[in-house]
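There are two complexes below, and they share chain A, which is joined by chain B in the first and by chain C in the second.
Here is the complex of A and B:
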């Protein structure tokens, strides 16, 4: 361990920024979660009323469950696809570069455009699947449709991560394996995948925390509907706060979101051994 | 600036720093122009004002945040009813009763039942500034003629035509079910026809307990029969009104009827002009329900939109002057008529004959004049938290996930 660390004063701007734009608002939200406030006048402290209401709010429970489903299913859908395409795109042939850039297009569209585009495509009377399943109208499949749209939007980003990481795998490892007569599949399993381990962690953290706070796509695409079939926790918070104007209770839900998000990131870090991260290359 | 102050004789000497009257309204490409003209006219009379407009949801949020702050507008657009009541209860809205009494010409210009839309207790808190928007049953005349059917005037006739169209593979009633307020129109009319307006007035005035009136379950059961009969087809839950879904299937003859606010006419004219110009768009009042207590002439919808003045406004006198001079001026009313709106003023019959759609405008006008009760949409008439909860329950009800009794239990337990 080197003792030549920069002075702690260098951290002051960052800390000030964090205090002003993260810590302070968070403290305010925690305060608001103990108040009744309809947005008019001043918030009035109401003890733990919002919190006991949260425990009894079946809609909040259901929306936590939907959020978890969304999170897990979109991880399951996005990770293998992004991994495979990313590794494939790391190759050097010309066609790959062209195909990859076409593939990145969704990443360039704004979320609102994507949501409106899919809403139009899935419209039951005039969309692209007339007479097919009611993708956004059937409460049993609407949430999975949302997952597909979100995946379509974000797989390119994760592909980019995997592509970069796959390119950084030393060619010598593959050359050695080729001499030993390893097949493509076993090279992927025994070289590529282990080398990409930390990229998987990074991408997963981004995906999981990202799904937890997914909001805009769902707001525009379904607004939580049909009924409450896609009302995930952030949307439940938004509807409570900005349609029902129950700002106090909405703040309570916001605190839950912060806690869930933090716990999730910490858990992923811990399980994946991210904190002991070090280079796996020989000699370092 | 000096010109403004010196010309503004009604404002006191302390008013020297009062800037332009800040007016907030909902965005509408056609009506905003007219509203801007009313501001020009106000300026010509020595006042000064400016208009800022917002989309629907952003507006509600912006107003909520701004109203107690120095950024608050002096005059703000609203829907009257419970929506306005929250602001009145918080002490944010100026009482306009006295100024309306002093300006009889202004007060008497408006249809009393509409002016009452912004009356809380015995005080007036707003002045109508846009047209009346009752909810009507629109239908496709061509589709009805081809099926040999008549537009329904009673509930039983409605059920019969639903079966007729279903058998022909036409969606009987278009419904934009991604937006709960379209479904709400059905619940409002059925309850009103079954039990009259008092049941909902009770809910509004005495709180959620009012939902327990047996008439609510009765009317929701009737509505459930209609849904289960397939009246709305099977895919309504993913049809959007703003996206034009419901209106388009009506215009294309894929659906036979559509219950919607009076703005549907201009909407159709805009999106499917031929459908309207060929005379295929028909409209009637909501069918009566035989045996029901509600008068068949009762209406639901947006009574009108109102301008209300903020209590803390620095230009309160100017705001009061604006609402008592500009909103019933002939030029303003005529401009509204010309844009296809039906202004809420008495004696507009002659003006409406010059409207671009005289037949339609006169129909709405007569309908409102003849109605014994004009119920403001429930989601505007209830406090925002109760309304939001109710709309969610209603969507679950239309999906068949919640029974009439469960709906009542849920909203009564709020």
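Here is the complex of A and C:
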């Protein structure tokens, strides 16, 4: 019978392709973080020079801090809105179906298109908010403006996650609560939220890793400015490598990015009890 | 079951509608204004007449080339991803060897790799392979980073296929290749559609790989073209927004046709 099963060769092209263009670069970036390389010649090992430089690089530290601010504020803005709209949109009414299909439109626009659109909208002299704050020009608020643009782009996606999950909540739970005379708010708190907890984790991990790697939005909207007010870690890496031609040092920053991302995902999963998910699936 | 209308939530949904639709309306209306009108009138005033001049400017400015490049990159990426992942997902579900199972686990770990972090080594590899500034340079890493999600979706869907179906085929004397074509392909069709949509949208909207791996006009894709228009048109915001609108149109048409697939595709593998 085993001869009727597909051989391991069926998986080889996919594995090989992934190994070459995704896994190998992961290993290479660690190697490159120990080299000096201008992007043209050959990378030359220089010991831990990049790493000791990183420890003294106040700009890198500042960009890590900005990245963390961006991450936390994005999560705080996006999660409640996506959760509320997602749960609302899970209702079966036709008006909700129509509205929610409009809500998803931002997902169709590329990040480049969204950044250019918002840049025009927020333009201080001819945009839609003439006389308002200098959204992208004021160092104190530019980073928060970036958060708003990112939220506009990604809340629809997270809404979609919550909508799907809210539809899967058994209706019998609500019926029982209604018989017990539970209010709408207490039904949300005691039924909907607990039932959606794994979706909150999934969505949060995606959101946090997403904000960690935000790149094109900031590059186009502000190019890290004004000054370095919005120069977050991925942008700092890009500018160091591809504008400053210090590819070795930029690789060191890239490794920090990977470590931060992995640590963050693991922390969110552990902290929120994501691990128990598998045992729950097995019915225990 | 009767339920009272939920006014606060409905109101909130309407506010959100305005937040979503407002910028999009701005996009389209400004793209239909002349430059003089953009500079002379507030956005809230009615324009004297709608003008398609901006669209003409954009379409005569290299937009066709970018669009063609985008189509090539998207189609090639999707083709590679589907061709390698469908047999691989079949193997993961039906072949219990450690090579296949561990390989799959490693591949799923790729879900957590931020593509940005690998951009420098990818740049190194692409230049060493003499592929710099070609469309192939964009296609290869874009496809590679689409593999984990594609495998996740396909494997999840094929795991739901009852074992008896495979065994019935085996009793009929079908080899693995025939099972792949006559059983796996039809059953996995919805999942394959999801993979196609997800991969296509990512490839279509890709920015970082084209930015770092291409340079010349002839290999420029749409997203970079937009950014380039920004420099080229300077303060001609209406023309820039016409370019943005044009870049969205193809995907909007696809959305109208395949909304169901698109929405399921966007959340595939994440929904729980």
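Keep in mind that, in the parts below, the second predicted complex is superposed on the first by the 259 of 284 C-alpha atoms of A that agree within 3 Å, B and C clash if a C-alpha of one lies under 4 Å from a C-alpha of the other, contacts with A are read in each partner's own complex, and residues count from 1 in each chain.
As a working rule, a contact is a pair of C-beta atoms (placed from the backbone, for glycine too) under 8 Å apart; a residue touches a chain by one contact, two chains touch by 3 or more.
Model, not experiment: these values are computed from the prediction.
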item: First, second, both or neither for A:134, with chain B first and chain C second; value: first
item: Partner chain in contact with A:271 - chain B first, chain C second, else both or neither; value: neither
item: Which superposed partner A:228 touches (first chain B, second chain C, both, neither); value: first
item: Per-residue touch tally on chain A - higher for chain B or for chain C; value: C
item: First, second, both or neither for A:126, with chain B first and chain C second; value: both
item: First, second, both or neither for A:99, with chain B first and chain C second; value: second
item: Which of chain B and chain C A:65 touches, first, second, both or neither; value: neither
item: Partner chain in contact with A:243 - chain B first, chain C second, else both or neither; value: first
item: Contact residues common to both interfaces of chain A (with chain B and with chain C); value: 39, 120, 123, 126, 242
item: In the complex with chain B, residue positions of chain A that touch it; value: 38-41, 59, 119-120, 122-126, 134-139, 222-223, 225-228, 239-240, 242-246
item: Residue ranges of chain A in contact with chain C within the complex; value: 1, 4-11, 13-15, 17-18, 20-26, 28-29, 32, 39, 43, 81, 84-85, 88-89, 96, 99, 101-113, 116-118, 120-121, 123, 126-128, 130, 152, 156-157, 160-161, 164-165, 174-175, 178, 184, 198-199, 202, 206, 209, 212-213, 215-216, 220, 234, 237-238, 241-242, 247, 250-251, 254-255, 257-258, 261-262, 265
item: In the complex, chain B residues that touch chain A; value: 57, 61, 64-65, 67-68, 86-87, 90, 92, 177-179, 234-240, 243, 245, 248-249, 254, 384-385, 387-389, 392, 395-396, 398-399, 401
item: Interfacial residue positions of chain C with respect to chain A in the complex; value: 1, 4, 6, 9-10, 12-13, 16-17, 19-21, 23-24, 26-27, 30, 38-39, 42-43, 80, 83-85, 87-88, 90-92, 94-95, 97, 99-100, 103-104, 106-107, 110, 112-125, 140-141, 143-145, 147-148, 151, 166-167, 169-170, 174-176, 179-180, 204-205, 207-208, 211-212, 222-224, 226-227, 230, 237, 240-241, 244, 247-248, 251-252, 255, 259, 263, 266-267, 270-272
